[in-house]
Every structure is written in C-alpha cells, then in structure tokens.
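Just below sit the structures, each encoded as structure tokens.
Both of the next two complexes hold chain A, though its partner changes from chain B to chain C.
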Partner chain A sequence: MNSNVTGARIGYIAFNTFREAVRDRVLYNLIAFALLLSGAAILVGEISIDIERLVVVNLGLTAVSLFGVVIAIFIGIGLVSKEIDKRTLYTVLSRPVRRWEFVVGKFFGLTGTLVVNTFFMALGVFLALVYVAHKFEPMDVWVLAALYFIVLQFFIVCALALFFSSFSTPLMSAIFTFALFVIGNLSEDLRGFARVTSGLGGAVATAIAYMVPNFSALNVISQVAHGDPVPGRLILYNTAYALLYSAMAISGAVLIFQRRNLK
Partner chain B sequence: MAIAAIEILDLEKSYLVGFWRKRPKLALRPLRLTIEEGEVFGFLGPNGAGKTTTLKLLMGLVFPTAGTARILGMDMDDPRVKAQIGFLPEQPYFYDHLTARELLNYYGQLSGIPSKERSARVEQMLARVGLSDSAGIQLRKFSKGMLQRVGLAQAILHDPKLVFLDEPMSGLDPMGRREVRDLIQQLRQEGKTVFFSTHILSDAESLCDRVAVIHQGELRGVGKVAELTSGTQGKVEIVFYANAQQVPTALTALGAESRFGGGNMVNSVLPEAQQDAALDVLRREHMKLISLTPVRRSLEEYYIQQLRPAENEEIRNQESHKQENQKNELREEASRKGVGV
Partner chain C sequence: MKMTPTRRVTLAATAVFLLSLSGSVTAIHAIDRLQANSVPQQALYLRSTKVLRRLSLGYTGLLADIYWTRAVQYFGQQHHNDSGDFRLLSPLLEVTTELDPQLLPAYQFGANFLAPKPPNGAGLPGAALALTQYGIAHNPDQWRLYYNLGFIYYTELNDYAKAADAFKRGSELPGTNDFMPILAARMAQHAGEFDTARMLWFTTYQSTKDARIRQNAVEHLLALQVDEDITRLEQVIQKYRAQTGHLPSSFGDIERAGFIRGTPADPKGHAYRLMPDGRIEVEDPQKIYFITKGLPPGAEPPQPPHEPQPDLK
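Right, the complex of A and B next:
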C-alpha cells in the first residue's frame, strides 16, 4: 500500500466524518451562535461607551472557543466508539483500511468540521465588530491570530477526546477531556505553583504542569481584545506545540485501538 | 496444486471475563478447517456457537488467542487479503446519513476501485440487488430487508474472490431469503468462494457444497451435503392412488405406515426390503403408483446428531458430578459416625 493510497483513504474517511457531522445538523449551532452574537452586539452598542470593541472581541472569541470545545468533546468521544457500537466499523475494516488510517481519518474529519464551523463563527464576530465599531482597524488582524490559536486548541481537544474514548466509556471520556481542558487553561498557574514549590510536591506539580496541555498559551483573547499584537514567535511555538501534542494523543489512541478486540 | 480459499489452522479465541478480567472464557476451541476455491460452504451452529467469532477472527476484527489462518494463500494479517474479500456482518447497520448510492461509493473508494469505474460499478450493484429506485434515499429510511440488500451489494461491490456472509438470511421474509439464495447461486456460477454462517438448515442444504457444524466453540462435523444426506434410512416412501379410502391390508402387513393425502392419494413408508412385495400388492390391486423414493437423511438430522454428543456429554458430566457429590456426602457422614465406606 503506497502513501498516496493511504492518504486517499484517510481523506475519504475524513470527508465521510465531515459529511456525517453536517447531516447530523452539528452546524446548526451556528444559528444559535449568530443569534447570540447579534443580540450581544446590539446590547453592547447600547450600553458600552468606548469599550464596544473590547467587549465584542472578548465575548465573540470566548463563545467561538466554548462552542467549538463542546462540539469537539461530544463528537470526539463518539468518533470511534459509536462506530464500534453500531458496527459500522466492521464493513470498513474488512476493506484494505488499516486501523490507524481509520483513527487519523476520523480525527481529520472532525477537525475539518470544526475549522468550517470556526470560519463561519469568525465571520459572525467580524460582522458584530463592524456593527459596533463601524469600521475595521489594523489591530483587528490579531483577532485572526486568536482564532487560529482557538483552532489549535480544537486540534488538541479532539485528539484527547479520541485518546480517552479508545479505552474508556463515552461519559468518562467526556469528563476526562473536559477536565483536561479546564486544567490546561490553568496550566500557567500550575507552572507558577511548580516553580515556587520544592521537594516531591514540586516535582509532581512540575510533571503535571508539563503533561497537561498548555491551553493558557493558546488563549490570547484578552490580549487581542485590548489590541495588543501577537508575536510571530508565539504563533510558531504554539503551532509546533499543538501539532506535537495532538500527534502524541492520536498515536496513543492508535496504539490502543490497534490491539482492541471489536466484540 | 490449487490453493485453498481458506485454511484455518488451529484458530482459537478466549476472552478474559470477570471483575478483574482474569478468568478466561473460551469462545472458540482450536479450529482446523479448509475451504476450497469455488465452494459454497455453510458454517452451521446454534446461536452463540462461535460462528460470528470465527468470522470476526478471519476479518481481523478480533485477534486470536492462538493459531492462524491463510486466506487465498496469504496470511490472514496480510493487508492484500482485504482487497480480495467481501464481508456482510450479521444484521448489518450502515451510516444512516448516507444514501445507498453514497454508501456504496464510499466503500468503493475504500476498496480502491478507480474513480472511472466506480460509479458504473455502484449502479450495477444497486440494480443487482434491486435497489436502483431507492438509491437516493438515506439509509435511515430503509427497512431491514433493504439494509440486508445494501449489505450484500457492499460485500460484492469490488468483485471479491471470496465472500463471507454472516447469517445473510436472518430476519428476512421468504421473498428476501429467496433473493439472497439466488444471489449466492449467482456467485457460485461466477466461480466465487462463499463462506456463510447460518442456523437455517434448509438454506444450507439447498445452497452449500459442504457444511461444518460448530457447537459451543467446537467443530463437531464437516462434510459434503450430498454425502451427509445420501444415507438412506433403510426405508422407502411409496405414493399411490388407492381405489377407495382404504389402505390394502396386504400393504399394512408388510410393515407400511400409511396416511391419506388429498382424495385417495396414499403416502406409505415401509422397509426397503419390502419394496418389491409392496409394488406387487399395488399391481394386484390395480392401484396407480405415483412415486417411489428412498427416505434420505436430512441435513437437519445430521445437524442434530452432531449437537447431541455435547448434550449427552453435558448430561453425563452432570450425572457424574451428582454421583461424586453423593459419594462425598456419604463419606463425610460415615466419617462423622466413624464408619468406613
């Protein structure tokens, strides 16, 4: 099996996953998001003076992030387990498809769905921004960087959901993934705590701080809301970090799934 | 020398059960079986006998505890095998957000059918299973019978040499069962090897070249259907028209067990040794002979015979346990009383 064929199969599985999410009306959340954002923009326009932009960017990007994380967790935990329960996997794996190709294909399918989702939600944020500020400003370009970091967060969350679901129940997988998302958002505090703690406690805190995904570094919402720029080096580091972390989680999921009996 | 389509070499599967998952439960005892190319092979057994486990092992869906298998001359783990086999799982369930056409196209992509051929092949398969008119409907709206047809279409879409069907007639109405039977016959004519599991014996008897019987994870018997059912029971069945609603006493005297069918038609079963004498009686009484056929053993009888040893063994085991317990109780009682047994 050459790499072109492998790539094609991963692509087919990813596209089918994307199509399933679209037809299961996952993207309907966009309507809820659009309504929320339009309402918020009108409200902000009414009550805030001079800080409309700050409020809309903060509110908009936080909503993009939360909506996306919820979708990533709830679809991610069922990506493989649903296929085992419904036995749709049997007819896929009885073809020249390797188990790892299936897992990777499902991952790309979900992240693809989330990228499309984020694109439309980002449009909503920019429209709300134009509504309250009546124009675009050069600093709005950093909103794009914040959105890119949010997508990187989705990559990690999807990979974690897939990893946990490869060995535990959907409910436990959702709890583990969400817990890691929350802890990961506090990872800077955890690292700070590790620095000031010595002995065994310090070592444990350091290990945990570096093991949990560093979502703090991927959260620049407040920074861009204030119009502060995002350094190019941070974009580079965050990209490398998110890709590496996701790849490790996916590899773990693959290693477990490769040995799993599909009863 | 021709390569066997499937060569199962002591394939064995046990699962770890219990709270700590330390207790092994045997799902399939070491199984050794060879299926030749071009054969329609029936894998028979009651529910929970190990049929689906065997199929899942061959498909690589579960991993064997011991043993291996060769499929079309290749090791069962060889990725090239999958391109040449088709599989219909029991009570198949497919992506219900897709239409039948989209599903087959997806499977065609995964099977590596070139895009130029794919859509023609998909349409051909839809027509073959009688789903051309429903090809654009999402599978969530399909009936069980229609899903089974989609399942058959996906199993043969890529023109595999070997087709595995797990209970293909299960849950189908008589018409659906007939269509599946016709399809298996067509596959045989095309020279494909078909390995199918079933517990519907009449289907196996009419379709299979050979069958194997499995029970409690153990292979109980294997053989050609024609041979398994060829053994006569030492009896013949004579069908004739009697002159009135009365069986000739001379025939009854030969040991015939008779019953009336429609009108004056009589169906008599008598020992093979008495067949000439019976014909003489019919001639003498001027009765019209319709047919004379040896009473053959049915596949059902063979099947039940293969399952019985297990049941008998179980009963024997239970009896010996009971006896052992009784002996122990007697011993204990005797030792309490200080008397030897």
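Right, the complex of A and C next:
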C-alpha cells in the first residue's frame, strides 16, 4: 500500500516534469532535427557516392545524442533551482511528498521527456534511411541498439545534472555536467593512463577513472553505421552500468538534497 | 530505538550509492574485458596530422600527449598479448611527434622498439630511422637523437660509417655524453665489438628514465657479458686441447693447467656448465635473455617474459 502511494507520488512529479518540459517548448528541437536530417538526406544523395546510408546514420545518431545531451543538461540543471526560485518547491514539500521522492520523480520526468524526444528522432532517422536506401536492411536493426545506448547515455547525463543541481548554481551545474560528459567520452584513455601509473598517483588516477562516467562504451555510432553488429553481452553490461551509475548519482543527489537547508 | 524517516532515507541512499558504485565498477571491468581485443584497432583515432591540428583548436601539445600515451599503451598491450604485430606503433609515434616535434621520449621509444625484429619490436628500422631523422631536423641540438641514430645504424643496419658519423655529430653538441666521441672512434675503427656494444647499451641505460628501455638495456648488458665470457672460455678450451691433446672433463682441469682461476659463473652467479664436446652452456638458458652463446644446440635465444608497464614519469 505504502509503496503504491510512493510510486504514485513519484509518478505525479515525473508527469508534471514532463508536462512542464513540453510547455517549455523543449520538443521544438524536433523541428530543427527534422530539417537537419531531411536536408542532409537530400543533399548527400546529390553530392556523394555510396555513403548515403553511412552519412544518414552517422549524422542522425550524432544529432540525436547531442540534441539529447544538451536538453538533459539544460533542463536537468534547472530542475531543483527553478522550483526553489519560483517557490513552488515549498508547496510541493508541504504536501506529503518526501524530498527523495521529489528528486527521483524529477529524474524520471526528465528521462521520460528524453525518451519521447528520442522516439520521434529515431523515427526521423529511419525515415531518412528509407529515403536514401529505398528499403530497410537487416543491419539497420543495430541502429536500434545504438539508439538504446544513446538513451542510456541520457539516463547518466540526467542523473549527473540533477546531482550537481542539488547543491550548485545552474551555471556551475551545467559546466560540471558538460565537463563530465567530455571526460566520460575519454574514459577509456583515462583508465589506460591509470593502468600505467603506479604508487599514489596510480591509486588516485584509478579512483578518478572509475568515478567518471564511461560514455565511450555507450557510443557505437560509427560501428553500426558500417553495419557491424553490437554484441548482446555489451547491451547487457551497458544497461547494467548505466542503471547503476544513474542510481549512484541519484542517491548522491538524494543524500545532499535531504540535508539541504531550503529556508 | 525508533529510526527517524530522514535517517532511514539517508541510510538507504548511502547503501544504494555504495552498491551502485561497486556494481558500476564491476560492469566497467566486464565491458573492458569484452572490448579488450578492439582497443589496438581503436588506438589510432585519426592519421592525418593536418586534420588533428584543426580539431585540436591549437591544443596540439595535449593531443600529442594523448597520442604518446596511446602509443605506449598499444605497445605494452600487444607485447603483453604476445602479439608480434606492432603495425600501429609507427603511425602513432609519427602523429605524436608531428603534433609535438619536441617530445623527445617518443623518438627514444621509437629507436628502441620500432627497429628491433618481432617479438621485441616492430621490425621497421626504416621507420625508426625516418622518425629519428625527423626528430633531428626539429631538435638539432639534442645529442640523444644523434645517439639514437647511431644506435639504429649500428645495431640494426650494421652500417658502421653512418653510425660513426651520427655519434661524431652528436659528440660535438653542448651537454653531450662522454661516451659519444669514444663511440664515434670505435665505429670508425669497427673494433672491439663487445666493448662497443656494452658502451652503447650502457649509454642507453644512462640516458633514459623509461623503466622499459632501462630494463631492456640491463638485459642486453647481461647477455653481452655471458656472450663474452663464453667466447673467452671456449678459446681457453681450444688452447687446453692444443696443449694436452684432449678436451677438459671439468673446469678443474683447466684451472690446474693455469688457464683460469676458480669455476667461472654467469653475471647472475650461476656456474657455467662444461659440456663433453667442449662447449659451454649456461645453467638455465631461460633465465638470461638475448644471449646468443651458451645455449643447447638448436635452441633459440630466450626472450624476456611480459615486461612491466613503462614508467611515464
């Protein structure tokens, strides 16, 4: 009974977050995306030979990823601060809503927005693929795997943005999250560097290498653009990793937000 | 004692945090294991230095450091996997040095590991020469680069005239090593093979901080000592045979004849073994790497096992 009530409260907060994002015209980015992709699909057919599919997959998935990351960062950093500035947070917390439910609800609301956004963008990518190739090919199924990894990437970025926004200003939160996004894309190098460093420096480098998010394994865009398959075990491990890392960042946000003085 | 709701949330969130952290580290390990074989193929991000320079927005130094780290990792990983395939080492070092022509450790690494034959290197002396000459063109006052050039000419190409010229040019630079003029002279005379080789490896040891290059030099110095010991001992045995008409049955026979004092031992302290046919063998051929003498008939020179990761400091 209790868990049902908690679930319902989180659901309400998530739904309202989603509704607010839609009201803020976040989904307007889809227009820009559609223009970009249809323009590229038409143009690439005119100026290139044999790489139409490659360009559409590379450009389409890169745009899905970058548009989503930008939305995740800029909406995520304002999730808490905006509620405080508008004083709506006090109204929410004066009702029987716990602080951790508020944080978790916000997270699900934002990720839900991004999932809906990605769904429409994915439709656009597949439409462009049909336009340039005139048919679907069996290897196009791996594009779905790449899109799934992009959604997992959004989970981590949303969780990080929410974590930073639980104690920092929106500007600093945006900088921190974006910096971690860049570092996370170089995380393989960071772990490689940690492996060849010894002593105290090695221990610090190893700790940092495992604390920063690992985005490099979640990026298989160029692989699927060439029609290469994505191993099932990688899908499994990446799913586990993204969920665990997001849970870690969200629990960190809960710990901080729980103690934050909101007066 | 009843726990407050806030405390309960704090404890639960802490538990989730710690469990998720350990779980995510385990997941990264699993992902790394899954992708272990793909790393060498991904090691070379981009080959065009022009493109790289534009992409780096002017931060070429940092990009060169990343490529240099990649080159070391690539070599270490291929070596660790017992792969004799080092085809990306040359382009990785080329990109590194084109981005930062003053990155001297990259040239030294190239001279030591691009030229030797697999499994100790890429077996590309031409690429090693080109890299070193590129380094000299951009750092004409660095005696180490002339040393590397002479080293490649001597050890890999047996071109004594060019080696002598490289050592001589290096010996004229400020801050040069004391061995450089001696090496130049020895190359010109093409004499004293063991002494020359020893001096080369000793200078290599002295002039680097890279643990991998140092260890390589130490192993070669030990092997040189063994090769020289055995060459001399076999000469002594031939003298003994000429004098007595038969081969010695033990080192005691040679000692009693006044040719040696005591039982000769290798640099690690293990006594050499005198074989019935008059040859000398080391006690354990797998313990001293790179030796060319003292091996059982038909045995290949032993190679070092997986080396420790290089010290990048």
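As a working rule, the second predicted complex is superposed on the first by the 262 of 263 C-alpha atoms of A that agree within 3 Å, B and C clash if a C-alpha of one lies under 4 Å from a C-alpha of the other, contacts with A are read in each partner's own complex, and residues count from 1 in each chain.
Here, a residue touches a chain if its C-beta (ideal position, glycine included) is under 8 Å from a C-beta of that chain, and two chains touch if they have at least 3 such contacts.
Everything quoted here is computed from the prediction, not taken from an experiment.
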Requested in this report: Could you tell me if A:233 is touching chain B, chain C, both of them or neither one (first, second, both, neither)?
Outcome: second
Report task. For A:19, select first, second, both or neither according to whether it touches chain B, chain C, the two together, or no partner. Result -> first
Query raised in the report: Who does A:248 touch here: chain B (first), chain C (second), both, or neither?
Result: second
Report task. Pick one for A:86: touches chain B only (first), chain C only (second), both, or neither. Result -> first
Requested in this report: Have a look at where A:98 lands relative to chain B and chain C in the superposition and call it first, second, both or neither.
Outcome: both
Requested in this report: State whether A:74 touches chain B only (first), chain C only (second), both chains, or neither.
Outcome: neither
Query raised in the report: For A:131, is the partner it touches chain B (first), chain C (second), both, or none of the two (neither)?
Result: neither
Requested in this report: With the two complexes superposed on chain A, say which partner A:5 touches: chain B (first), chain C (second), both, or neither.
Outcome: first
Query - Set intersection of chain A contacts, chain C complex versus chain B complex - result: 98, 259
Requested in this report: Show which residues of chain B lie in contact with chain A when the two form their complex.
Outcome: 15, 56, 59-63, 79-80, 82-83, 85-87, 89, 92-95, 97-98, 106-107, 109-112, 151, 154, 158, 164
Report summary line: As the complex stands, chain A meets chain C at residues 98-100, 188-189, 191-193, 195-198, 210, 214, 217, 231, 233-234, 237-238, 240-241, 244-245, 247-248, 251-252, 254-255, 258-259
Query raised in the report: Taking the complex as given, what residues does chain C use to touch chain A?
Result: 5-6, 9-10, 13-14, 16-17, 20-21, 23-25, 27-28, 30-32, 34-35, 39, 66, 69-70, 72-73, 76, 309-312
Query raised in the report: Quick one: in the complex, what on chain A touches chain B?
Result: 1, 5, 8-9, 12-13, 16, 19-20, 23-24, 86-88, 90-98, 259, 261-263
